[in-house]
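Think of it as A, B, C and D in the order they're written, each chain with its own count starting at 1.
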């Protein structure tokens, strides 16, 4: 760890990681089928693929979570046989999962030594040594972290740094990052890339898993593509184009990610005036017309989700007014907002959207139940018929309507949740990160759906941290920073730089 | 591993039949009936059936409310103490007014108001319902003795009152008839109405339910009120059965009710459960209870068996579903 | 044997009452503070015991403080500690459990606090004021046998709604069966049930038992709740009440009085006069305070009365209150010792 | 004891929210003591205060165990029955061998076995621990009744050290049970703060998946927590038995509710991962002093129940309110 040898990515010594013929079966599915990869010291290997391509199965085997059914994993040429994630870490592999694996109640320093708290001679925990070692790591890696801070109080990007510090504390030779930027702001992404460069310079091999193609081009040296559990290709990233990557990933080419039909704006539907919440939003005012997509862009913590939840009556407001077609949202509740035709598609499908054990129909008809209800009784036949029509219309892939929603893919789950509101019939829909954790194929379909809804006259408020999505879908863009709207643009005459400038204020 | 599980379910048709919500319970019940009746011929006699129905009725009425409440993601430990207090209220009001109807109404109203306070403490004061209703149980157990120092008798000797619970309509004991009506209404609510959907939705995902334009607090409020009202109704029957209001009644009642509901397959975490399952859960527990007396076993087994049955049932349920709590 | 016992008991009982009366009447010193740790203050029995104590203490001009162990032995030990911390003069205890109270007696002795036990004897005690549970059941059994015989019956099939949790209640049940067999030797214990001492549970278990075999003619309850719960089960089963005899025990509240007023199956009540127990316990406490010698067991009288003689002992003064007839109760004589104790079980 | 700024800051009274809730508990305890000191002249005496420490010792031992299980993300409500069960081998072995130590060993062995059963069913078979321990609560009590025939088992040898354990005082001032409970409290506060084992329990309760990724054997850790809990309940059972000089079949009934109430009052989250044993100790003492004080001022049981219930609801509601406004 102390030696800082600058690795040459092209050297021919033993690779840090060499995987050969790795196979994993689950009952009825071949999740990973004979995959071989190699990563060398100081190299970034990107792994891309749609959801279900086998990326997470591969990572989990490298992390020691799953046991392979076939093939080998070798670190520095030594074949490994992991019984647990702790073994993988001992062998030098550290995975930074998308869902950060830290204990929020513990301090930064304690989390770094979570695997094995440093102890004194008598076996008690050596707190001073833990703090000292944590500080050493931060100094060496250049992280601005406080060892005594509680992890639960840190931002996601700071928590990632804690995770990376864990890798350094254990002299990891291979760091695997699973969708590390999905919750990061552009600025934080820049910081992360600097950290990755520093890790490379420390001779650490990196596997970088992401959906975001522009990041792949920027950070990775080589790129492995998986599809349906199979290895498709491994090439220097520079030999790829955007289109060639997408084509290899989905097995077909996607001509246009963001279809845009002709939109006709109607009257103003949403009027928000001087909105405040007690801890975040600060004098928010805007209007949205029928058939218009208003995009809200902001860095992490700028208040996008807070705004989304406040305008639909989910979270309380301290001042200001929200009017839908001139009707005041009062009392401030989701019951009232729904009656005014305003609804939110939450960013957190699992926590705030799905009823995991319930079936597809039940999930889809939750908001629109009243439509099938006469005198309190639900007409199940009408309900099923309507649900089926939405399944057909949005091409939701499922075996039967009665299957539990947890068995659907993320993209199909999202379509069900969108159907939940469309079945009800909204005037305004608030979409908070509508494509988070959804693969490219399904994303395109959802983009098209949003476009179609707008062209049919729905007012759309889109909260997003993804620049292409923002620019591809919105008619106008509001930029949020620290709970305030710092700028409003027409999408047709704005650049990414202008938007970022406004967001960083 | 959700994906594999679904495949397991689809690929194994035999397992699929066994995973039907009540299949396992029906089999257990049949096994019990056959087992006990082969040792005791009185088991299947009419008087014994009536005795089982009487006793099951009280538990079932409250268990229907508890099922709805657990499905909504909350619990009420105070039902036993509420039962005792409400039965005293029933008898006291009958003594005051000479009206059985007013007494019954007062009992149900009292039970409901306890449910109201539980709902308030849980949904407004945001106290965990397990803790809040344990505290309510303590307060009711104390409060009932502030209300009456001793069992309240049927002072005016209204002969009609004790006859309600011991009477028959169309050959069916009245309590069983009332319990059946309650169970049918409960079943209709949970399977056929919007309200039932909202109880399930609230328990399955409270945040999603709120975002879908409903108030989970109101839903839970309704579930607590329902549980309280049904406890009051059970108290009317109890008072009629023993022809008195008994402040010490209902000891351990909450545990039997909850055990029966859980045995019936309702999830402690909310969002899953059926009225049909609860009916079988109650019958199984009460038949075991009855069988122990019938077979002249040591009555101490009456607390051992439910414990074993409960653990076993949950284990089997988990095996059948192929899920764990991990 | 039993007859002899009875005679002996009667004589010494009279002597004792006289001695107690004398001691309290002439006692120069009254304790300032007497503490009573009851078993279960919310039960009617103990409420009437406490009432008797309060009335007697008021007569003698001091106050009594009560702490309720609420059926928790640990709480009883704590209560004893609390009383001793408050420098109580005499401690009266109704043990939640006769073994669990032994260390308290030892500690009280070490602290020089005299202790009167009520209800159950325990090792290391100085004095016990109690009714005789076995005797009470026994005499009720004899009376039942006589009642049945008088009606021309020669068989008794008994459902005992018991409470095997406590030794006192086991003694009552055993006494009842032994007593009834002195008149009807072939009396049979058809059902021996655990009704948990509560009306609702008694009703439940009795219902199940009657479903098995409803061919009984006597229901014995170890307390009034058990007897009435058994009777309600009988009614719920829709059986004829003509040939049924119900025998209650305790006479602690109003429930049995209401039922007896109907002149239905509840014809006999084994009354235990909790007020008298409290009264006697206070007198014993005063004697202890003055260092007088007392017999180890002071028996508080019980008797079995029927619907006709009920009013000799208790009169309803309103819907919710009753008045004990002290003259009649004080005229009852108690034996010096019981026929059987818990230690004989 | 290794001390660092980190730990100091974590547990100092003013710097963190955790510290705040402990401070609030200390203040509450002082308020309770002050109020009762004015209401009864005997309350604020060395004798009474030390008495209360002795009286609280049993619930204290139980609460420590329950808290550790709750922190690990599970729950154990069988502790009340364990208290009664372990007294049986304790007294039986003592009577047979005249050795207190052998008796204690027997009691702890039974506690270990019960803990292992609870732990195996909950941690390894992954049956919901609330239901498992609800089941064993019934089962153990039932077997206690069966074995004892509902008769007390006396310490026939009158072992002096057995009496002294429950009723003697250390240095003539501190009741021995309080000394035992104090040692347990200090030992486990230390374990939970300063050993890998303790920190791992917190991690498991906070997020079992993260803990598993960090290489912890989550199931085994939880299994150990159940064993610790049962062993501590056994210590409670031994202390109670020594105070009673016998094994009593009804001992410990309802103690599970008292222990959980104290643990939650002490700031342990029912969801796991959060809470300190120091807070739990304060929670136990608050309830013990309230109970003692109410007895000192001669308040009847019914009022004590009502007030204890109100105290619990108020404390938990206040805590929920604080969390919300944060």
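Heads up, the rule we're going with is that a contact is a pair of C-beta atoms (placed from the backbone, for glycine too) under 8 Å apart; a residue touches a chain by one contact, two chains touch by 3 or more.
Everything quoted here is computed from the prediction, not taken from an experiment.
A.B. asks: Using mean Cα positions as chain centres, tell me which chain lies farthest from chain D.
C.D. replies: Here the answer is chain A, farthest from chain D.
A.B. asks: Could you please state the distance in Å, as a whole number, between where the Cα atoms of chain A are centred and where those of chain C are centred?
C.D. replies: The answer is 74 Å.
A.B. asks: Approximately how many whole Å separate the CA-defined centres of chain C and chain D?
C.D. replies: That pair's centroid distance is 37 Å.
A.B. asks: With chain centres taken as the means of their Cα atoms, state the distance from chain A to chain D in Å.
C.D. replies: Computed value for the inter-centroid distance: 43 Å.
A.B. asks: Hey, what residues on chain D touch two or more of the other chains?
C.D. replies: Within chain D, the residues that touch at least two other chains are 300-302.
A.B. asks: Can you list the residues of chain C that touch 2 or more other chains?
C.D. replies: Answer for chain C, listing residues that touch two or more other chains: 42.
A.B. asks: Hey, what residues on chain A touch two or more of the other chains?
C.D. replies: none
A.B. asks: Which pairs of chains touch each other?
C.D. replies: A-B, A-D, B-C, B-D, C-D
A.B. asks: Considering only the defined contacts, which chain A positions touch chain D in the complex?
C.D. replies: Where chain A meets chain D, its residues are 63, 65, 84-87, 89, 95, 97, 101-107, 109-110, 114-117, 119-120, 123-128, 130-131, 147-148, 150.
A.B. asks: For the complex, give me every residue of chain C touching chain B.
C.D. replies: 42-44, 47, 193-194, 196, 198-201, 203-205, 207-214, 225, 228-229, 232-233, 235-238, 253-255, 258, 261-262, 319
A.B. asks: In the complex, go through chain D and note every residue touching chain C.
C.D. replies: 42, 45, 47-48, 51, 54-55, 58, 149-155, 163, 166-167, 240, 242-246, 248-251, 253-254, 292, 295-296, 298, 300-302
A.B. asks: Taking the touch rule as given, give the residues of chain D at its contact with chain B in the complex, in rising order.
C.D. replies: 121, 125-128, 130-132, 134-139, 141-143, 145-146, 208, 257, 260-261, 264, 270, 300-306, 308-310, 312-313, 316-317, 320-321, 324
A.B. asks: Under the definition above, what is the set of chain D residues touching chain A in their complex?
C.D. replies: 1-7, 9-10, 16, 190, 194-196, 199, 202-203, 206-207, 209-216, 273-274
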